[in-house]
Amino acid sequence: MIGHKFMGKAHSHAYRDLPYFFDTSLTPVLQTIAGRDEKGVEAAARKMGWASYDTDWRSLIERDDIDLIDIVTPNHVHAEMAIAAAEAGKHVLCEKPLAMTVEQAKRMVEAVKKAGVVHMVCHNYRYAPAVQFAKKLIDEGRLGKIYHIRAQYLQDWIMDPTFPLVWRLRKEVTGSGALGDIAAHILDLSRFLLGEFKEVVGMMETFIKERPLGEMSGGLSASVKNGQMGEVNVDDASAFLARFENGAIGVFEATRFAGGNRNGNRFEINGEKGSIRWDMENMNNLQVYLVDDEPGLQGFRTINCTEEHHPYAGAYWPAGHIIGYEHTFINLMAELMNGIAKGSSPSPNFEDGLKNQMVLEAVERSVQTGKWVSVSS
Amino acid sequence: MIGHKFMGKAHSHAYRDLPYFFDTSLTPVLQTIAGRDEKGVEAAARKMGWASYDTDWRSLIERDDIDLIDIVTPNHVHAEMAIAAAEAGKHVLCEKPLAMTVEQAKRMVEAVKKAGVVHMVCHNYRYAPAVQFAKKLIDEGRLGKIYHIRAQYLQDWIMDPTFPLVWRLRKEVTGSGALGDIAAHILDLSRFLLGEFKEVVGMMETFIKERPLGEMSGGLSASVKNGQMGEVNVDDASAFLARFENGAIGVFEATRFAGGNRNGNRFEINGEKGSIRWDMENMNNLQVYLVDDEPGLQGFRTINCTEEHHPYAGAYWPAGHIIGYEHTFINLMAELMNGIAKGSSPSPNFEDGLKNQMVLEAVERSVQTGKWVSVSS
Amino acid sequence: MIGHKFMGKAHSHAYRDLPYFFDTSLTPVLQTIAGRDEKGVEAAARKMGWASYDTDWRSLIERDDIDLIDIVTPNHVHAEMAIAAAEAGKHVLCEKPLAMTVEQAKRMVEAVKKAGVVHMVCHNYRYAPAVQFAKKLIDEGRLGKIYHIRAQYLQDWIMDPTFPLVWRLRKEVTGSGALGDIAAHILDLSRFLLGEFKEVVGMMETFIKERPLGEMSGGLSASVKNGQMGEVNVDDASAFLARFENGAIGVFEATRFAGGNRNGNRFEINGEKGSIRWDMENMNNLQVYLVDDEPGLQGFRTINCTEEHHPYAGAYWPAGHIIGYEHTFINLMAELMNGIAKGSSPSPNFEDGLKNQMVLEAVERSVQTGKWVSVSS
Amino acid sequence: MIGHKFMGKAHSHAYRDLPYFFDTSLTPVLQTIAGRDEKGVEAAARKMGWASYDTDWRSLIERDDIDLIDIVTPNHVHAEMAIAAAEAGKHVLCEKPLAMTVEQAKRMVEAVKKAGVVHMVCHNYRYAPAVQFAKKLIDEGRLGKIYHIRAQYLQDWIMDPTFPLVWRLRKEVTGSGALGDIAAHILDLSRFLLGEFKEVVGMMETFIKERPLGEMSGGLSASVKNGQMGEVNVDDASAFLARFENGAIGVFEATRFAGGNRNGNRFEINGEKGSIRWDMENMNNLQVYLVDDEPGLQGFRTINCTEEHHPYAGAYWPAGHIIGYEHTFINLMAELMNGIAKGSSPSPNFEDGLKNQMVLEAVERSVQTGKWVSVSS
C-alpha cells in the first residue's frame, strides 16, 4: 500500500477484517506500506499491522512478494504509481478519483489492460448492502423504467474560514474540490445504478477564497509562517444537471458548506414502478416505494438491509444489528480478492474510473462554457 | 371568486375560517362565486357558503358590493380577469402562477398599480408557520450569509400513462407543466427566503408524450371519443441550477413523476451559521442546525412550529396540536384582509408574481438555448 | 354548548366547519353557549359564532330550540349537566373523561338510555384518518391475532415548578391528573382498536407536590395572594400494564413531565401478521409493517393517510396535503350528526365512557393496593 | 473462549480488531477456543483466528498461557465455568445474563472477589458511543433530576409458530426468555444511566406454547423426530413497571413478538432539564432535548455521535462515518484490557451482573405474586 493516512487506515483495516467475514478465494497478506515520512509510515505499519514499511513506493513495485498495489495517496500521483505498478505486473487498487484528468485516466486504463492485471477504483459506497440491494431491485426491473435520480453529497468540514489550506483545497494536488472528492462518489453510484451519462451542465463555487497556511497544510506550506494566507483554487461546491443514455434525468450537488451534514451522501431514484431513497448517514436502511402496492397501503418502506436477503449482509450479524462505514471497504475488498483469483476486474474498475473522470471533466467544461456539454465529446 | 374547483374550495374555506382564528381589520363576506358551468357553480356556491353565484365572471366586476376579486381559474385567463378587476377598482387575489408570460405579468402589475388596488398572488406555502419562522431566523441573521438552497417539489399524480390529458397538461391553458405549477412554488419560497435570482440554467422533460382524451380532460376534449390520444405539450419534470443576487447558489427540481411523493415540497438552506430543512408533508416541523451549538451537542433540531413563539401558530391550538394545508391559506388571507384595510399589498403580491414569472421564463429560455440565462435580461 | 375555553374553541370550530366538508344528514346550528363568566362567554360567543350566550347552563336545557348539549366544562360537573340534559330530552356530547367516578358514569349511562337520547364522549383521536385506517386494517384481519399494544401520551406543559396550580391539578375538579386527562385518550384508542381490558396494574407519581396559587389558577385561588402555594393532589404521571380480553398485553404511560414531547400521543400494535405505529404529532402518517411482505422487502411503510382510500381523508384535500388536530373533531361531529339523524349513538358513546372510567378506576385501585386489579370487578 | 456461536463470533472479532483502533495497556492474544462439537469448534478456531481449539473447557482453565476466560455459552453453565475460571486465577468475561439465579450470581461474585481476578459481564450496548455520551450528559447534570425512563427491547425472530424449539426457549438452559435475554440489556442500560432499581411489578406472556423439535433445537432434541412438538417454557414477552432509588419511574418491555422490529433496543429518558432518546437500530444517533434552549428553537436534536467529542468515536472514522453493532464489543474489550492491566474490574462487572439478576428475579417474583416486589428483598 502506498499512503498511510485516512484512506490507508480504512483500507488496511478492510484487508485485516476481510477473512473474518468472507471466504474469498484469496486472502490478503499485509506486506509493506510505503510513505515519504519515515516516522509516520513506521508508526502506521505497526498500528495497522503491515509486516514492513518503506519510504520509497517504487521499492514495492519491484518486489516479487507483492502482488497487489493499493494506492491511497493524494490524487496527483495516482497515474504515475498505477501505471508503474501495472507495468511491473502488479494488480492495482486505486483510490478515487482515479486521476486528475481524462487523459491520465486513459493512460491508466491502457496500462492495466496492456499488462493484463486486475484493477479497481475504490468507490466504496457501491458496496453498502443497501446500495447493492438497490442495484438488484433495479436490475430485476422492480422500479421499471427510471425517470429520475437526485443525489447529494453534503459535508461541512471546511465551513470555518480559519480551517487551513490543506492539500484537498489545491488544484495541483487534488484536481478539483468537492467535485472530484465527493461528487465523484455520487456520480459513481449513479453510473452503477442507472448507467452512462449523456450530457451535463454545471456550476461551481468557492465561498472562502483564501485560507491560512500552516502546519496542517502539509507540504503545501512547509516554508510559510503562520498567519500567511493562501488561495483556495478548487470548488467548495459543485452542482450539475444531467441526462442519461437511458432517458433518465439527474440533479447532482456536492458541497463542503452544508452545515449539519457531516457526511450526507444520499440519493433518491424514481422509476415507473417504484422509488428508492438512501442516505449514507443511515446507510443500513433503504427506503423503497412500490407503485403497485395495494391502494391505501402505499408508502415508502424503511428496510433495514441487515438480513440474509440483502447482499453481503449475511456475512456479518443477525438482522437489525447494523454495520458501518468500514464494511463498505471490506465488501469491496472481497470482490477484489475474488477478481484477482479469477483474473477479472470487478466493477468499479479503471474503466469505471475513466468514465467517471469523463463526467467530471464534462462538468468542468460546462462550467467554463456556460453550456451543456456532451460527456462523450 | 372566479373558479370553483380545488383552489376554489381551499380559498372559500379560508375566508370562512379566517375570522374564527384572527382578529383582522376586515372580515371577508362571501358574496358571489362565478363559473361557466351553471350546475357546478351553483353546487359550489351552496357547498362553500357563497351568497350567490354567476355564470359570467364579468358581472362580479361590475358589482358595487364586491371589493375583492379572487381568481382561481386556469392560468390562461388570469391576466384578462385580473386586469379587468383592477380597472374596475377591485382588489385582486390571483392564484399562481400569476400569468402565462412575463409580458402578461407586466401588464397585470401595471394595471393594479395604476388602479391603486391591493393585490396578492396565492403562494400559500410561504404562510406555513414553519416557513415564516425560517424567514424570521434568516432575517435575524441566525443562519449568517447564505450559501445554498436546494429545493424540490415532487409529486406523482400523473405517473399512470392512462391518466387523461387534463388542462394542466396543455400549454395553451397552463403555460407550462411542473415548472409553472409547482416549481413556481419553490421558486417563490426561495425568493421569500433568499432574495432575487440572478441567473439560471435548466432542463425540462416530458416522459409520457401522449395521453387519452376523455371526459376528465374537460373542455379540451369535449368533442372527442374515448380511446383517442392527445399530445402532452408541457413538461412532466423541470430542474434548474441558479445563482442568487446575494451570492448563494441553488438547485431546483419539480416533477410529477416521483413515485411515493404525493406532495413533496421541500427545501434545505445552508448558511454560514446554520441550516434549516422543511418538508410540506410534515409542514409543522422545521429542522434547524446552528453552527455555534456546543461541540458534541450539534445536530438538527426538530422544531414543531406550533407554539406561541412561532408566527401564526398562536392563533390555533396548544403546542404539539398540528395544523394542516388549509391553514396556509387562512394565514395568507389574514394578511390580505389587513392589507386591504391599510391599502398596501402584502407579499407575495403581483410584483412578486412578475419576478417569479421572470425566473420561469429564464428557465424556459435556458432550456431552448442550452445556456445560462440572466433573469433580468 | 356549556363551557368556552380550549375545548369550546375546538368544538365550536368543528361544528362550523363540518358542513363545508361533509354532507351529513343534519347540519349543526350554533344556538347558545353558556359560561359563568359573562364577559368571557360573551366574547367567546362572538368569536366562535354562537347566536347567543347565557350565564346559566340550565337555561339551555330548558330551551325548545336546542337539541344537543355539548359539555366542555371541567370534569366535576359533567355528570350533573349530562344527566340534566338527558332528562330534558337533549342529545349529549360530553368531553372526556366522561365522569369523576365509575358510579357517576353509570348514572350518566342510565340517564341517556332512559331518555333515549343520542350520546357521545369526545375521544377525538379515534377520528384521525390514520387511526380509523388502523381500525380498518385490524378489523379486516390484516394484523392477525394481536399480541401487543404499547401506548404513550407524553406532554411537558407543567414541568416548570412555577407553573400555577390550575384546575387540572386538583382532584376535586378533575378527578385525576395525567391518568384521566391523557391516559384516558390512549385507553380509548386501545379499546377502539383491541377491545376490552381484563386486568391492570399501575403506578402513579406526583413529581412537583406544591405549586403557586394565583390568577391562572382560576376559581381555585380567587381569594389567595401571589406567592402562596397549594398542593397538587393528582398524578403528574401514570403508567400501567394491562391484559386484554382477547389475550393481548399492553403497556401504557401518560405523563406531563416528558420534556420535548408537546403532545406525544402514540402507540404501536403488534399482531401475528403485522404491526402499526401512530404518533399524533405526525398524525397523518400510519406506519404499517406486514409480516407477509416479500423477504428482503420487509419494513415499516410510512403511509400518509390523506388519500381517498383512507377514512374521512377524501372529504378534505388531495393526497399529501395534510390535515391537523381540528379535523379529528370535525370527523367525530360528522358521526354525531348522522347518529342524531338515525337515532343511534356512534362510538365512542357514554357506554365507552363508562368502560373507560372502569379502567381508570381499576388503575387507581391497583395503585392503592399494589396488586393487579380486574377491570370488571 | 468457551463457546463459538453468535457471541463467539462477536467477541473474537472484537479481540482481533481492538488493537487496530485502541492503544490499550494490554493486547489480547487469541489462544484457544473451546466447544464440545469438535468439528464446529475446529472450524470456528480457523475462521476466527484462534491459535488452537479444545473440546474440553476445563483444559483452558488449567493452562498457564491463558489469562482470561471468555464465556459465551448458554446461560446454564455460566456459573460453573466462571467460578472454576476464577478459582484457577483467571480473569473472566461472561456473557449476559450473568447467571440463571441470584443465588448463582452471588456465588460468582464471591468467587471472583475471593480470587482477586478481573471480571466483566458483556452488556455491550452500554458501549455504543451515543449511550456513553448520554451517560456523560446525565452525570454532568445536563438533564437535571431524572423523572422517567421508558425502554423497550423489541424483536420478532420467533414470531413464526414453525420456528423450532431452540435452547433459548427452554428454561432449564436459558433461565428465562425475553426477560433474561433482552430485558436484561435495557435493565443494564437503566442501571448504568439512572442507578439502582427499588421495586418492580411485572407481567410475562408466552404466545406460542408449543414448537417443533428438530435439528435446529440442538441438544434439546437430539433423539426426537421431526414433527414432534415441545413445550416453550419461557416468556415470549415481559413487561414491568419500576421505581428507582433516585425517585425516577420506569416502564420496560421486552418481546420477541413485535413484528418489524428486528433489534429494537431503545429508550427515552426525561429529566428536569432535558430528555434523550436512543435506538439501537440507528445506534450512532442520540436525540437530545434541552429545556433551556431558546423558546421557539426548542426541539430534539439529532446528534450523530461520530465526532471526536463523543466517547470512543474518535478511535474510528471521521464525523458522519458511522460504526455498527460490533464496535460496542470492541469498546467494551478496550476497557477490559485496561482493567486487567490495572487490576480493576470495569463496569459492567459481576456485581452489576448480580444486581441485574436481582431485578430479573424480582420481576419474576412479582409475576408469581401479582404484586409489587422490592428489588433488595
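By letter and in written order, the chains are A, B, C and D; residue numbering begins at 1 in each of them.
In this text, contacts are C-beta pairs under 8 Å (C-beta built on N, C-alpha and C of every residue); 3 or more make two chains touch, one makes a residue touch a chain.
Being a predicted model, the structure only gives us computed values, none of them experimental.
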Tell me which of A-D, C-D or B-C has the interface of A-B again, with more than half the contact pairs shared? C-D
Check A-C against C-D and say which one is joined by more contacting C-beta pairs. C-D
How big is the gap, in whole Å, between where the Cα atoms of subunit B centre and where those of subunit C centre? 36
How many angstrom between the C-alpha centroids of subunit C and subunit A? 54
Whole-Å gap separating subunit C and subunit D, where each centre is the average of the chain's CA atoms: 40
Which parts of subunit C, given as residue numbers and ranges, touch two or more other chains? 261, 298-300, 304, 307
In the complex, the residues of subunit B that touch subunit D are 133, 288, 290, 293, 295-304, 307, 309-310
In the complex, subunit C residues that touch subunit B: 6, 10, 12-13, 16-17, 20, 47-49, 155, 157, 261-264, 280-284, 304, 306-307, 316-327
Residue ranges of subunit C touching subunit D (in the complex, touch as defined): 147-148, 150, 152, 154, 156, 159, 201-203, 205, 207, 237, 239-241, 243, 247, 249, 251, 253, 255, 257-261, 268, 270-275, 289, 291, 298-300, 370-372
